[in-house]
Amino acid sequence: MSDHPASPITPDRATGRFVRMLDWLVANPMRVIAGLAIVCGLLAVVDLLYEKHPSVPVEALPFFYPVFGFVIYALVIFGAKTLRLIIRRREDYYAPYSIDAETPNSHMTGEQR
Amino acid sequence: MRHHLVLRVVSKILIPFIILYGLYVQFHGDFSPGGGFQAGVIVAAAIILYALIFGIERARQVFKPEVLLVFAPLGVMIFALVGYAALALGGNYLDYDWLVANDTAGQHIGIITVEFGVGLTVAAVMTLIFLAYAGRTRDIDDEDW
Amino acid sequence: MLATIPPFLVYLIGAPLALLIPNGSLRSAFMCLVPVVGILLLLDIPYGDHLTTSIVGQSVTLLRVDSLSFVFGLIFNIAAFLALVFAWHVRDAMQQVSTLLYAGSAVGAVFCGDLISLFVFWEATAITSVFLIWATRTEGSYHTGMRYLIIQVGSGVILLSGVLIQASQTGSVAFDAMKLDGLGTGLIFLAFGIKCAFPLLHNWLQDSYPAATATGTVTLSAFTTKLAVYALARGFPGTEVLIYIGAVMTVFPIFFAAVENNLRKVLAYSLNNQLGFMVVGIGVGTPLALNGTAAHAFCHILYKAVLFMSMGAVLHRTGTTKASELGGLYRSMPITMVCCVIGAASISAFPLFSGFVSKSLIQSATADTGHWIVWLVLLFASVGVLEHSGIKIPYFTFFGHDSGIRCKEAPWNMVTAMVLTAALCVGIGVYPAPLYAILPFPVDYQPYTVAHVVTQLQMLLFALLAFVFLMRKGLYPAEFRATNLDFDWIYRRALPVIIRGLGLGIDTVWSRLIGGSRAMVSASIDAASRNFGPYGIVGRTVRVGNGVAWVAVLLLVTLLVGYSAD
Amino acid sequence: MTGATLSGIVPHLPALQVVVPLLAAPVCFLLRRGVICWGFATLVSWAAFATSLVLLQVVLADGTIRYEMGGWAAPWGIEYVIDATNAIVLVIVSGIGSAVMPYARRSVMAEIPANQHGLYYTAYLLCLAGLLGVTITGDAFNVFVFLEITSLSSYILVSAGAGMDRRALTAAYNYLVLGTVGATFFVIGVGLLYMVTGTLNIIDLSERVPALQHNRTVHVAFAFIVVGMGLKLALFPLHTWLPNAYTYAPSTGTAFLAATSTKVSVYVLLRFLFVVFAPSYGFMALTLDYVLLPLALIGMVAATVAAIYQYNIKRLLAYSSVAQIGYMVLGIAYGSVEGLTAAILHLFNHALMKGALFLALGCIMLRVGDVTMRGVQGLGRQMPWTMAAFVTGGLSLIGVPLTVGFISKWYLITAALDDGRWPIAAVILASSLLAIIYVWKIVEAAYLKEPPEGRVVREAPLSMLVPTWVLVLANIGFGINAEFTVGVARTAAMGLLGGAP
């Protein structure tokens, strides 16, 4: 990409602080994960505390939503991986790269400022 | 043609009578068979006879095409204007009854005027057609008679 | 008088006027003004039918404003405004004009009171929008555009046939709720279904949206499919088959989206999945469900816009939206990242974001009417949405593996548009009352109950936990450059191959047949040019005598025919 | 002029409709000078248009008008009878005239030698008077007289193209011979009718013919009238005079004749078929089904295909006219109210389309001097307004929605479907599809090809563009709101089938 400067652009002060904060989070993924785990734990506890008004029978099951979210997510991922085994082809399957609909140069030349 | 003395003399005598007969037919248009169309043709016949005998060029000098070209539309206009006059005086288009106070007189005046217009146009157009076609070739030679 | 100026007219007049203004900020500003005027006009028009006239004996209403068309008309105008701000920097007259005309056609279609004018605007949206794809100006986008155009115009043709049949059977072309009981309504339903990207009819969407320009996709995403949703909501509310169609629509794109590398294509799949929710709402057809559809369409246009905008900004700066090429962009484009995350949170229906207050209307309506399997499917789909739009898009673009790309933040106009749209998403999520107030039916619904907030958070955060878990274990599918097959394989590969196979097949009889018919076609064209060309029997100058001979022949024929009568 | 005199004129408008242009012709002849004649002819056309509009309004409000020429009552004198059918034809004829005339000045200056301008306008006025006369008169023989005035003057209009291309003379001669045959056939038919009925008044005829419907003479008269008028209206295969006449006539002449003269002939056919005769007569029903219907269908397709192969666009449009005549005759051949409505509607609409197209072509003739496919190459950019007008007219010809062409086709097809004649509807659609090809050929040449090397042309002058666009906008206007035209056509059709006008 021709117009990427070699060095990072110095952001202004406010976004700079924000970016540094993100840098720290990215550098310490375990802390993020731990935070997420704690919140999830709290939510699981809350599940036992409030009175449920199930509109559909399964909602009444204890820990229905946490389990559903976790399991279904995994199912989606494994399902998709299986699907990919069938449907995956080379990127130039339909047409060579030269006529790829997303050839970037036109976007780049369209740039004004 | 200039050498055909008999033809020239006879024609000179006949042509005025032919025209007179044309006028007779013309003015009888309102109450007996006849009228502008027939009269116009008869008058034109006289002119054409003249042209045949005395040559196209002389005929052109006497009956100037420029003038005939004015007469032709003029006749139509006379016809149309009579119609308008009837309209203006309160009747239908070409309703002669309204031209003057007396219905019968109105019919006479109307028809005579209209027929005059018709005669004028027919005579002029007939002559023009003849001159236009005849003018396209040379005069007929004596030997060809 | 002002009250009956149809909003689409503003766009129609605005487009040529814009061309008169020198290309530059002034023109961009003028174009942004067009939807503003549209909104002002719309707010001024009283509910009811206006501009009713009649064509070929049928009553035609160009401006029907009621609670349903008002919601869609309003959000279309808003979306047009945001898209135009986002495209402020574009200096391509083709895109500018087609954006205005396309938005105008969509706005016009929403207010049609009859099927004839609907057809006109329906085709107009197809024809005006294809230029946003062609504007990429690559060979690939040209082919994609042609495929898009054929399918869209085809939908219009099917619509017209349906309308004609319907009109001849019922004698009316009024655009009101219909029953799916005959060929006419069936064709109309099919036409709506194509535009709404029903399963197996959906591929044009994933094919074309990633091929449009960075700004064009934002515009495209707002109108065509939502117009179809509006048309279905108007024409077929409570049609039960829609529930099942919608349910399938919510599920199958999830899997495709999960393995798709081109992030704009991921968004296109996710668009399909969101449409499914709306279609289910229409199928359920209760006031609550229809409210849900309208509200969801409203919110969806906004958060989908902000997602496409963020991807557009990334494309604009880096030249690609392929997940395998991106990563770590939060350093370069932090504002874009925040907006993208807001959009992702909205589409995933996190509490305090717009998706939460609209999707739950549909979810509740399915539960209330006892469709609890469909309810479960929608819940399943909600997790899927989180996967591809909520996590995959922001994660692979802005975090994940650092691609090393260091670019500038998006241009100011893109940032403005994204921030405005993101703000609307949050605003609706926090304070949904104004949105609820304009829905087609009175709303008695409270999204923020303890149970609802807690269960939603449980589901989403545990799914997030699963993502983290799979990611750490290395089980999450990596992103490759690849092409994934979808139903379009049938017409992009299978059909051509089959046809080629047949054409070139060794079966000599077959090739003889082909050759023979080809020869027949060319022979008939030759014969036509021989007989009808300037020197042919029919085309040449006919001699007078022959002309008169024809007169004689015809007189004879006529006389004989007359003679045979007695 | 005070209001009282104005309203006093109204009862005489039927006469004035014809005699004003008729008197104007000799006046114009005497005026001689080209520009003065042009101004005069324009004013007369507008006056005629205004007259026809008032007449239409009066007819729609109060019903049929009968006017006795010279105060003679009907069976003896000539009367003018105006009902919805001919009122709308009057509006077409005079309306096209008043659109063509302002346009004519520049076009005539460019295409006709200066010394013939006065004559050309005179011939135009005569033609206008003749067409209006044919339409308005209620006397069968008077129809013939005006038909001859029209024909003679239109031969002149065609031959005036000799300044550009000598072939105009042969085209005019061909037209003259066949036109005379047609008129003679017509007058033979009328004469035969007179022989058995003793009257020439159309209303009287309509009262006396029913008793004689098994009379052989009436059958023969019918055949002569149908064939004679078929020739005049260029019914396929009697159209052979038309392509050359339209091709070589001056642009204004073509535009005027194409939009009016065949339409008036269609009107005469309508009047005779459905007023003097009636579809209930066995011989007429058979003729409609076995002569007119097949010829209309064959003409629609054959002439359209022939148009596709034409290189000269004027000739192409001429063939397309033959095809369009087929649509009108088709509507007539249905013999039902729906069919006649469609025919009358198309009569009006086609005048608008062809008027606009030929006027746009005249603009091209003026600037490029060449109206072949090569001449229009690249004109999309060089003459954008003209080409836009042409393309809009072309779309109308195809029958694209929002143009008058669509309205016509819609009614033709519904009329066919009402009788359950699916194959006919299919043929109509097919010929419309074929029309796309020839319109596309021109669009392709104009927009997708580069102009020939070194040719630089300007847009046509405003005096020509404005009339062209007036007709183009009329195409769109009456295409969007067809309520008025459809209403008039339906009234007219019901009047024709309801017996006496």
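Chains: A, B, C and D, in written order; residue numbering restarts at 1 for each.
By definition in this document, contacts are C-beta pairs under 8 Å (C-beta built on N, C-alpha and C of every residue); 3 or more make two chains touch, one makes a residue touch a chain.
This is a predicted model, so every value here is computed, not measured.
Chemist: Looking at the contacts, which chains touch chain B and chain C alike?
Modeler: Common contact partners of chain B and chain C, which must touch each of the two, are D.
Chemist: Which pair wins on C-beta contacts, C-D or B-D?
Modeler: By the number of C-beta pairs in contact, the winner is C-D.
Chemist: With chain centres taken as the means of their Cα atoms, state the distance from chain A to chain B in Å.
Modeler: Distance between chain centres: 105 Å.
Chemist: Using CA atom averages as chain centres, what separation in Å is found between chain C and chain D?
Modeler: 47
Chemist: Quick one: report the Å distance separating chain A from chain D, using the average Cα coordinate of each chain.
Modeler: Roughly 71 Å, centre to centre.
Chemist: Could you tell me the distance, in whole angstrom, between the mean C-alpha positions of chain B and chain D?
Modeler: Centres of chain B and chain D (C-alpha means) sit 36 Å apart.
Chemist: Can you list the chain B residues in contact with two or more other chains?
Modeler: In chain B, nothing touches at least two other chains.
Chemist: Quick check on chain D: which residues sit in contact with 2+ other chains?
Modeler: In chain D, nothing touches at least two other chains.
Chemist: In chain A, what residues contact two or more other chains?
Modeler: none
Chemist: Quick one: do these chains touch in a line, a ring, a star, all-to-all (complete), or other?
Modeler: Per interface graph, the chains form a line.
Chemist: Quick one: which chain pairs are touching?
Modeler: Applying the touch criterion to every chain pair yields A-C, B-D, C-D.
Chemist: Help me check something: in the complex, which residues belonging to chain C touch chain D?
Modeler: Going by the criterion above, the answer is residues 53-57, 120, 168, 528-529, 532-534, 536, 538-539, 541-542, 544, 546-548, 550-551, 554-555, 557-559, 561-566.
Chemist: Spell out the residues on chain D that touch chain C in their complex, using ranges where they run on.
Modeler: Within the complex, chain D contacts chain C at residues 173-174, 177-178, 181-182, 185, 214, 219-220, 222-224, 226-227, 230-231, 237-238, 240-241, 243-244, 281-283, 285-287, 290-291, 302-303, 305-306, 308-311, 315, 319, 401-402, 406-407, 410-411, 417, 480-483, 486.
Chemist: Which residues of chain D touch chain B in their complex?
Modeler: 12, 15-16, 19, 22-23, 25-27, 29-30, 67-71
Chemist: Hey, which residues of chain B end up touching chain D in the complex?
Modeler: 69-70, 72-74, 76-77, 80-81, 83-84, 86-87, 91-97
Chemist: Which residues, counting only chain A, touch chain C once they are in their complex?
Modeler: 1, 3-9, 11, 15, 18-19, 22-23, 26, 33, 36-37, 39-40, 43-44, 46-47, 50, 52-53, 55-59, 65-74, 76-77, 79-81, 83-84, 86-95, 98-108, 110-113
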